[in-house]
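In what comes next, chain A is part of two complexes: it sits with chain B in the first one and with chain C in the second one.
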Partner chain A sequence: MTKKKRKGITIFLFLLPALLLFFGILVAPIISSVYNSLYQYEGFSGDKTFVGIQNYVDLFENKAVYDFGTALKNAFILAALSVFIQLPLSLGLALMLGKGIKGERFYLSVYFMPVLISAVVIGALWSKIYNPTYGILHYFMEKLGIANLMPATGFVGDPDTALIAVFIPTIWQYVGYHMLLMYAGVKSVSPELREAAMLDGATDGQVDRYIVIPSIKQIIKVSVIFAITGSLKSYDLIKVFAGSNYNVPYNVPSLMLVRNVLGGHGGIGSAIAVMMIILCFAFAIIINQIFKERDPYGGKKHIKE
Partner chain B sequence: MKRILATLLVVVMVFSLAACDDKGGNSSNNTSNNTTDNTTSNTTSNDTSSSTGLTADTKADLKMWCIATESDSNRKSYENAIADMKAAYPNVNFTWEAFENESYKEKIKAAMAADEVSDIFFTWSCAFLGDFVNQNKVYCLDDVLAKYISSGDLPEVMLGNTTYNGKHYGVPLTMNIVGLFANMDILKEVGYNDVPATYDDLIKCCDALVAKGYYPFGCAGGETWCVTEYLESIIEKNIGADALNDIFLARSSYNNQGVADSVKIFQDMIDKGYFDPAGLTLGNDEIKTNFMNGKYAFYMNGTWNCADFAANADFYGKVKVSEFPVIDSSKSQLGQLIGGPSDTLAVAASSKNAAIAGEYAAALGKLICKYGYLDGAGLPAWKVDYDDSKVNGLTKKVSEICAAAKAYVLFGDTAMSAADKDIYLAYVAKVYTKDVDGAGFISGLAKDIR
Partner chain C sequence: MAEKSILKNNDLEIYKVKKTNKVVKVLIYIGLVIWVIIDLFPIYYLLTFSLKNNSEIFGENVIGLPKYWLFSNYADAMARGNMPRNFLNSIIVSVATIAIVLIAGLMATYAITRIAWKGSKLLNSIFMLGITIPIHVALYPIYVLLHKVGLMSTYTSLIVPYAAFGLSMGIMICTGFMNDIPKELDEAANIDGCGLWGIFFRVIVPLMKPALATIGIYTFLQSWNEFMFASIFINDSAHKTLPVGIAELQGRTTTDWGIVGAGLSIATLPMLIVYVFLSKRIQESFMVGAVKG
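The block that comes next holds the complex of A and B.
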């Protein structure tokens, strides 16, 4: 056996555990989901009937039972809110705290606290806040004389306000998470760069705009990927709001997936899983492309390894 | 009281057996000719009978999952029954966990698929348990229950909803129906001294309540099964129990104009302000609390609530229970009820101590039945061989209603398989939010239910 061959075998053996894990917990389930999505079967077991792409067709066409289009639209709205409201908020907080203001550690802990609380607790808490009878929101609106602005069904019960009402705590919960990621990035920016810019007469805003934000671009990219894929997969908090209501205006793909798999529609559940996988991968690739560094002439920047 | 119970047990099961036979694949040939004798027999028996084969020396680790949460009407009966069992079998290490109703339905399906379910588990009878039996996930209790049946402790007719291909798979606990509970203090304010007995009277009463600023009904949209309690009652009293049974058991199509009309009746009631709009997102516990606090005049839900109402001294004097009045007397009549024996204990086939768990479940089920009945959480599925003179008045009234029953339709989401149930509940939820009308409801279900 040549030295080159032996080296190859050694590399392969070292990679094997990782490869097995990769195939076992990522590739195999995806293949299994694709396979199962082509069948109709009840729950986790039982006889399977091959139906081809019918499950995918039903997902979009049978609006009375599935209405996957609306669930998908809701997930996209949540993703958009995450990117355009949650992340700017997180960035703003990270930039503010990164300057080393008084009580920095305290604020950092306060903003990060919601991330540490279980989504179930947050869901239950906000459900109480929104409660149209005894909720604190209703109480304050009554005190301010604007209780009539609250729909009779409550904010979560009214189709016009339910979506935003449920997404507010979803977004609020993870502001601290992204803030912490970005804060770490802001703190890693060299103080010399900041000082040099200041000596050149740059304002705080200009330093952030031209020095700090470009320096943490990769972290922002990661945050955007997390925010979008997290939105597409969001489940726990929304499930708390939905409870056992089978018709909520804020339905999302994950909620549908779980309900269908446990509700005896394994094929439909698998089809939703496949759609979610495709979407998450697609968005990850698109975001990578968007954030790819380009040279001043528009070409891709090649980084020497 | 016992005579009434004996009569109703026979009536309930004759209809109930017929109900589950086709759909759940149950055997309906188990009716015992000695039922009346069994249920009226007054022989005493030890509640934790050693005839079960369990002895004080039996050693085993057993775990049970159920839905008797802190706020559940059955909680007290579970606690009392478990305390008795622990005293009788101190060497059995018995632990139990209670989960919220709907999340339990999801949890148990997932756990069952992974063979990770507890040794003993609470289940609903008919198709819900039937799905698990079909997957060979449930331990057969024929041997365990034989001695209770032969001793007369357990009328065999009570096993109809948990019998599949002639084999028994469940220990029945209590039976319940959907009741129309009324807060008489509020009704008196609009001139009613009793629960309206006719549909026209009910509507007049609701109009008067709305004019007075009350919401006649509260319905928990946050738990769609609560909406079915209203909708199914309205459908049954509009098209008749036989027609509804035929639909639930797939003997006829949902494409029934009477069902569409019933949906319209329900939605018209919503439009007229009979339902608290806030109920759309509330859970059953919140709605029940609102009812007890005088926010609603009526509350339609299972008669297991009698226990909670009777336990509240202030409220108990105000509440009455009745059945929903007849809407179309040419098709329906009083005595056609929604409900039947559904609450059941079963044993996982994957249990390492399945035989002992079976014996334990039977003895425990008998005790839960006893305490549940005495508390008012349901009518007994087992022979009453103890003093029941202190059972609360509401439960006694339910017994009378059931004794006069003409037909039963099992709760729709229990009668259907898991796959059909979710589709059905999705449509019911859309009826409540008015996303679908009567025509859409019947055509959609006719198309989508397998």
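The block that comes next holds the complex of A and C.
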């Protein structure tokens, strides 16, 4: 009895620091965000009125003030670019590196490098690259005789191209991250399997298509989840482009969140935060479902004797 | 007889496959080199314009190496911003975050994976949910709390949230490594008279050094580059971290590109130099984190 009790206390003591951090800083804010999102706050005075789900309704309905729909749409565009352009690029590079190339480590290290650079630096650097008068992009376009294709206010300044222009550096920065994950998977495919397929007359492309890609499916799944949740959360680089301006064509949920938190609109801010958690979890679950093992006919695999 | 001819045929096949491979290989190299250029060119551009004056950057010498290597840009960036201070602050915050994540993570993982008790699996999955939770959720509640308790613009206001949000990944990485330590070691130590604490300090911790490096690197990069909390919770220049310092330098200095470039380079180069020496280690710490999730 006492021994058991002592063991229990020991376990609790081992867990204590982690529990304090996790429940104090992670779980409690989630609960308080859900609670706060049901109130309207007047600045930071602490005065609040219960408004039910009005904040959530306002986010979507009150387009003149919030226009959360557009911010969300932009985040989804970034997610789609990430899944359909960035990840295929990463996969392509990983497959190429997996073929036993000379200088493999060099390529790998170069591709991963941008991941380590602060997104603030990347944002500042690319805003120089995009500069409509002095930027390197303008310089190249001039050399090619297509400088007139650049909008007068630059790609970031022009509402039609701003979204894409701001998202390109984000995509660029993380190609190497997903490449690294996929490369680890590609490398874990046994060389015997590759050789056997080659002996049977499979081409490089066929080996990739029928052996390598299916065996790294789980890693691709992780990449897809990270790419989508990462896009929903993206902030740093976008904030650097926006500067102190919040009314930008590339507005995203986290930019709205910060604006409302700093502006003392805790209720709306909390509603945005809650929406972000729900979306992150929803996408993680959906992607997990999509990648569930299926039999060759597309049905879900079921256990059969 | 028949078998022999098949063998011969196969030999030919292999030969053929290898030959077509050469064309594919050339294409692969071209593809790889193109992405190297796309990756490195912006960084080359940054490093070169950080050493030029405006007339070179703006037209005279846009892509070449600097004509006069203006290292004075670096001195100006240091003086104009508050970079040495920002640097020091980033180091303090990151190191403290790593220490907390390591201690809390190791202890929790030990209790979850090495001691048998009801509910350990459940608690582990609760911790793992933390990986998906965006740090944004905590922004408003912590902002309000910091105001209330008067901890705005302190190192604590960044260290504690960073540690909390880095903890789940820390526990996940720890679990992977700790499962590789044979349980027989615990039993042997127990027979020799070690209690749970003794096993933890004398057996587990010394064997977890590789895990500590992995978690340390991963946590370091997360907290070193974090921008949202750092830009909101810190209002005095004495506590601002590097990303905030850089963003302010970039926002304030619109005319002198060379100085901004120097500032950006100062923030980036130390990381890249460390990366040159530890590239494998750093890459591994990112792989462990994702592949096991």
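By definition in this document, the second predicted complex is superposed on the first by the 264 of 305 C-alpha atoms of A that agree within 3 Å, B and C clash if a C-alpha of one lies under 4 Å from a C-alpha of the other, contacts with A are read in each partner's own complex, and residues count from 1 in each chain.
FYI, a residue touches a chain if its C-beta (ideal position, glycine included) is under 8 Å from a C-beta of that chain, and two chains touch if they have at least 3 such contacts.
Note that the coordinates shown come from a computational prediction; the quantities given were computed from them, not determined experimentally.
Overlay on chain A: chain B and chain C clash in the combined arrangement. Greater residue coverage of chain A by touch, when chain B is weighed against chain C, goes to C.
Contacts of A:Ala284 after superposition: chain C is touched, whereas chain B is not reached. With both structures placed on the common chain, the touch criterion links A:Asn36 to chain C but leaves chain B unconnected. Contacts of A:Ala196 after superposition: neither chain B nor chain C is touched. Once the two complexes are overlaid on the shared chain, A:Val110 sits against chain C while remaining clear of chain B.
When the shared chain is aligned, chain B and chain C each come close enough to touch A:Gly243. In the superposition on chain A, contact is made by A:Pro132 with chain B only, not with chain C. Within the superposed three-chain model, A:Lys99 lies in touch with chain C and out of touch with chain B [touch as defined at top]. When the shared chain is aligned, no partner comes close enough to touch A:Val57: not chain B, not chain C. When both complexes are overlaid on chain A, the residue A:Gly154 reaches chain B alone and has no touch with chain C.
Where the contact sets of chain A with chain B and with chain C meet, they give residues 44, 133, 243-244, 258, 262.
Within the complex formed with chain A, the chain C residues making contact are 10, 13-14, 17, 20-21, 24-25, 28-29, 31-32, 35-36, 38-40, 42-43, 45-46, 49, 57-59, 62-63, 100, 103-105, 107-108, 110-112, 115, 117, 123, 126-127, 130, 132-144, 147, 160-161, 163-165, 167-168, 171, 195-197, 200, 221, 224-225, 227-228, 231-232, 242-243, 246-247, 250-251, 257, 260-261, 264, 267-268, 271-272, 275, 279-280, 282-283, 286-287, 290-291, 293. Here chain A touches chain C in the complex through residues 7-8, 10-11, 14-19, 21-22, 24-26, 28-30, 32-33, 36, 44, 89, 92-93, 96-97, 99, 101, 105, 107-121, 124-129, 133-134, 136, 139, 172, 175-177, 180-181, 184-185, 198-199, 201, 203-204, 219, 222-223, 226, 229, 232-233, 235-236, 239-240, 243-244, 254, 257-258, 261-262, 266, 269-270, 273-274, 276-277, 280-281, 284, going by the rule given at the top.
Here chain B touches chain A in the complex through residues 101-103, 105-106, 109-110, 113-114, 131, 134-135, 221-225, 277-278, 280-283, 286, 290, 417-423, 425-430, 432-433, 435-436, 440, 444, 448, going by the rule given at the top. Across the interface of their complex, chain B is touched by residues 42-46, 62, 64-65, 130-133, 151-154, 156-157, 159, 243-247, 258-260, 262-265 of chain A.
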